[in-house]
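What follows is chain A paired twice: with chain B in the first complex and chain C in the second.
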Partner chain A sequence: MNDRASPLAVDGFSAGYGNGEVIVHDASFALRRGAMTALVGPNGAGKSTLLKGALGLLPHANTACVRFFGQPLEQVRARVAYLPQRADIDWTFPASALDVAAMGLYRKIGFFRRVSGRWKTEARRALALVGMESLESMPIGELSGGQQQRVLLARSLVQGADLLMLDEPFVNVDFATEERLGAVLRDACRSGMSVLAVHHDLGDVRRYFDDAVLFDGTVVAHGPIEDALADANLHEAFKLGPPPEDSIA
Partner chain B sequence: MMPSLAVDVPALLALLCALVACGTLGNFLVLRKEAMTGDAVAHAVLPGLVAGFLLTGTRSTLAMFVGAACAGVLSILLSGWARRATRLEAGATLGVVFSGLFALGVVLLETQGARQVDLDPECVLFGSLETLFYVPASGAPWYTGVPRTLWTLAIAALFTLIFALLFLKELALLAFDPSAARHLGVAPRWLERAFLIVISASIVASFEAVGSVLVIGILACPALLAAPHAKSVAGQITLSLVLGVALSILGYAIAALSPQLFGTSTALNSAGMISLVLALSVPLSHAMARRA
Partner chain C sequence: MIEHHTNLEIPFWGANTITVTLGCAVFGALAGSVGTFVLARKQSLLADVTGHAALPGVALAFLIGEWAQIGGRSPWLLFLGGGVTALLAAWSTPWLARKRRLGADGANAVTLAAFFGLGTVLFSLVQSHPTGAQGGLRRLLFGNAAAMTNSDALAIATIAIAALLTLILLFKEFSLLAFDEDAARVLGLPVRRLDWLLLLLLVATVVTGMQVAGIALVVSMLIAPAAAARVIGGSFGRTASIAACFGVACAVAGAMASRSVEHFPTGSAMALAATVVFFLSIPCSRILHARRERNSAEARR
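Let's turn to the complex of A and B:
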């Protein structure tokens, strides 16, 4: 196992949904270990496609040029957690907050085994990390949007992964929940985890993230947040025309 | 009127087995918002049944079973492929695939002479619950009188229950969050294919006894009845089977007692009546959940 390798490195990656349209073109970047990286770009830029494609969840993606910790995903699947968009999940599903958090353990539990008390204790611990322990038996459909997002984050944390890939974790959550989620992710990064999150709000991206990948079908810029989100890059990605002279200087 | 051992008990047991076989996995179809898939498979098995007969020249269980299972799996693979290729919504592609395959089945039935062997439309729609009799030969062991269809259904029900129990948590995650299930590696392709094969097999096994109308009904209705009241997947499956069995017995009894209840000259078709009772109960169950 190459522990010095980047948590996620893509080189010339492309992906689409299998109808001939390529949405991600020739993307190349490598995440910094222990950093919180935002994947930002205009609507429809292909940010979610990039995430799903890299994880092999799309029919058309050249995953051969994607490496997690220096290896193909199949070799290190347990070290990578994925939190999809809230809209991808059926919130009327008959499950409690604890049931959902425990789903992150299914790979460890294995086939033909029940979610026994030991696993439930682990799931409870993860719910406590996101401040949801008191609502563990609540049906997920009765939780607020922010609470649901915290339960999903607990499901990702309980997996014990070293890389967390999140698709718009802060969408439709109130400010307090956003702060709480941000703090949990920062703590996770301090303990060695790396985070890549699709993020929409350019206004608060600097508050939570260390690095950014600016994306518009391909990588426009990547690096520490101040460099990657420089005005010139933002103008290029969001097609705003040339930036004012003084901002280039 | 007391139920008769020779007539009512085999029919009710067949009904119970068909309900367990189709209704258990029907819960996962409903949870995945793919209740139409069951409908599609129930229609799409027709060309498989006819092809099974044409290729073997017999109506043996195995020939029918293999033909129909192949057609069932083909329908799901075709609709999945059409959805990916066109990005149309799932219902639209299913509609095209299952009506196309059903039409192919009718054409085969009409043109290849298969209709001579009582694969008639009535049997396809309403099954043969009324013709399942328990008649053991005198002096022979009890099981010799059990109809072949009932054995097939009992095996299908048992197999489906075991499959659902073994893979309950994986099938639940696949329904709740397919991306995470695939990413975590807990829902490999073989499990998804096995699910399709088992549900196709359950549909085919139930087809002969209860017909396509009731197969569609018992795939979706018990799960839809239980869904608004369930707190867990296991709870939903259990509740769906309990409600499904109770309402099916009620429907069977209404059909059998229809001369006394409605003044009809003969008993009404039980598969049709059970379908009606199940279908009418679904909005009632949802209304009760909203009130609670």
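Let's turn to the complex of A and C:
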């Protein structure tokens, strides 16, 4: 199961918030390169915890069994980008859309250096990809929810990472933004990037994603979307009882 | 209480006045810019705790200095003492909030009460000390820029300039930490070290502000100029620069007021000036916001 060349492979990963409660139990899966993978499951299943834990954002999670491109995250940080939930961000922070997009470049720019014109051009290019070039100087607090999400995606894209991990990128965004984000991510995957996104809407998961990890505290199923989200798996993950034909019988 | 000299005995534009005004101005710039980060990280109450927590350190440093006969009034010794206890409070408050499930609000109250309580006890010992009363340590509570000596102003300016340079050099890293700590971590920035450095900058602001604004009111110089700048808006860099300018204006206004009126507490004058600046920023922000709206509507057309 553990493909060493996989953008992200976890093998028996468990995580929690350090209060004794384990939220992610013994999760194992390996992402396919160049695929858009949805991490789906019921509310409170621990999807965000899995994402944050794998990225080393939970101090009590042991990431020894998490490998990015076959290596610990520390060795390949430049190849991994993360887009948090929009609700986790303080949108009253005084920054323009361009400032936020340029934040994805801070590692490349290096310490003690300013964000010069060359870097701003790169950030502008990323904003243009998500259709935000005309609003680059707008304070982020004055943007709509969909526009804010586009700016966050621009910040992730500008890193030039090979794996993009997104937490609920399509939540509370308008349809146009959802379409645009979906198209941008699909293009990125075509050019070799891999995507893992927490997604809550089973209705449209097939529109954007190739693979799925069905998750309910642990991995219920993983693979191509039709297999992973088969009725029997969904009934198990969402605790809906036996599949319909059984109940009719 | 009688200081070394009354404010009005000093010529208004003497060499000492200029040095003291410059010392206050550098402190104001530091307070405004550090305050921008404090506000962005929702640490205003922590800043207040840190300010009050300098008191026991200052009193202890004075007593140790007198006991060791190295002079308890040395600004460097007082800064060191105040800095150590302020840093201890700045570190222990988030620790208490996390470890004991007290929450930030409860942890702030517990630490402030503990440190300030200890400070007032030690301070009464200082007051009963023959040189303590004369040393004018009481002015550290509400600030008295007029009674500052050249060596006080020099010590303040040295620390404040070093802190400002650190802030400028690491500005973009600090700003990402303030905006999105998780993203900073995933990017591989040394979040823990940057966090510590920001706490040190807060402590540096508190200790340099003790004589200028006073322990009890230094928080006003940290928060009000930054809040006014934030209301006006713009990028984070612009906000921090505006906050620094407001800080300078309020600090200089406070120093001038202290020079002009006998026994006028500088900290109170600065706090009032900062409050006025904050309330003036509200109508200004409305005008600027309307202009921005107009400009972006024209750009869309």
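Going forward, the second predicted complex is superposed on the first by the 241 of 249 C-alpha atoms of A that agree within 3 Å, B and C clash if a C-alpha of one lies under 4 Å from a C-alpha of the other, contacts with A are read in each partner's own complex, and residues count from 1 in each chain.
The rule is short, and it goes like this: a residue touches a chain if its C-beta (ideal position, glycine included) is under 8 Å from a C-beta of that chain, and two chains touch if they have at least 3 such contacts.
The model shown is predicted, which means the values in this text are computed figures rather than measured ones.
S.K.: Determine, for the superposed arrangement built on chain A, whether chain B and chain C clash or fit.
M.R.: With chain A as the common anchor, chain B and chain C collide in the superposed model.
S.K.: Identify the partner contact of A:59: answer first if only chain B is touched, second if only chain C is, both if each is, neither if none is.
M.R.: So A:59 only meets chain B here.
S.K.: Touching A:84 in the superposition: chain B (first), chain C (second), both, neither?
M.R.: In the superposition, A:84 contacts both chain B and chain C.
S.K.: In the superposed arrangement, does A:17 touch chain B (first), chain C (second), both or neither?
M.R.: Only chain B; A:17 stays clear of chain C.
S.K.: For A:115, is the partner it touches chain B (first), chain C (second), both, or none of the two (neither)?
M.R.: Touch partners of A:115: chain B and chain C.
S.K.: Quick check for you: in the superposed arrangement, does A:238 touch first (chain B), second (chain C), both or neither?
M.R.: In the superposition, A:238 contacts neither chain B nor chain C.
S.K.: Looking at the overlay, does A:107 come into contact with chain B only (first), chain C only (second), both, or neither?
M.R.: both
S.K.: Per the contact definition in the header, classify A:138: touching chain B only (first), chain C only (second), both, or neither.
M.R.: Touch status of A:138: second partner only.
S.K.: Once the shared chain is lined up, is A:93 touching chain B (first), chain C (second), both, or neither of them?
M.R.: both
S.K.: From the superposed pair, tell me which chain A residues show up as contacts to chain B and also as contacts to chain C.
M.R.: Shared contact residues on chain A: 52, 55-57, 77, 80, 82, 84, 88-90, 93-96, 99-100, 103-104, 106-107, 109, 111-112, 114-115, 139, 155, 159.
S.K.: Of all residues in chain A, which touch chain B in the complex?
M.R.: It is residues 17-19, 52, 55-57, 59, 77, 80, 82, 84, 88-90, 93-96, 99-100, 103-104, 106-107, 109, 111-112, 114-115, 139, 155, 159 of chain A that touch chain B.
S.K.: Can you list the chain B residues touching chain A in their complex?
M.R.: Residues 31, 33, 84-87, 166-167, 169-170, 172-173, 175-177, 179-180, 182-186, 227, 230-233, 235-236.
S.K.: Of all residues in chain C, which touch chain A in the complex?
M.R.: The touching residues are 40, 169-170, 172-173, 175-176, 178-180, 182-183, 185-189, 230, 233-239, 296, 299-300.
S.K.: How about chain A: which of its residues touch chain C in the complex?
M.R.: Going by the criterion above, the answer is residues 52, 55-57, 74, 77-78, 80-82, 84, 88-90, 93-96, 99-100, 103-104, 106-107, 109, 111-112, 114-115, 134-135, 138-139, 155, 159.
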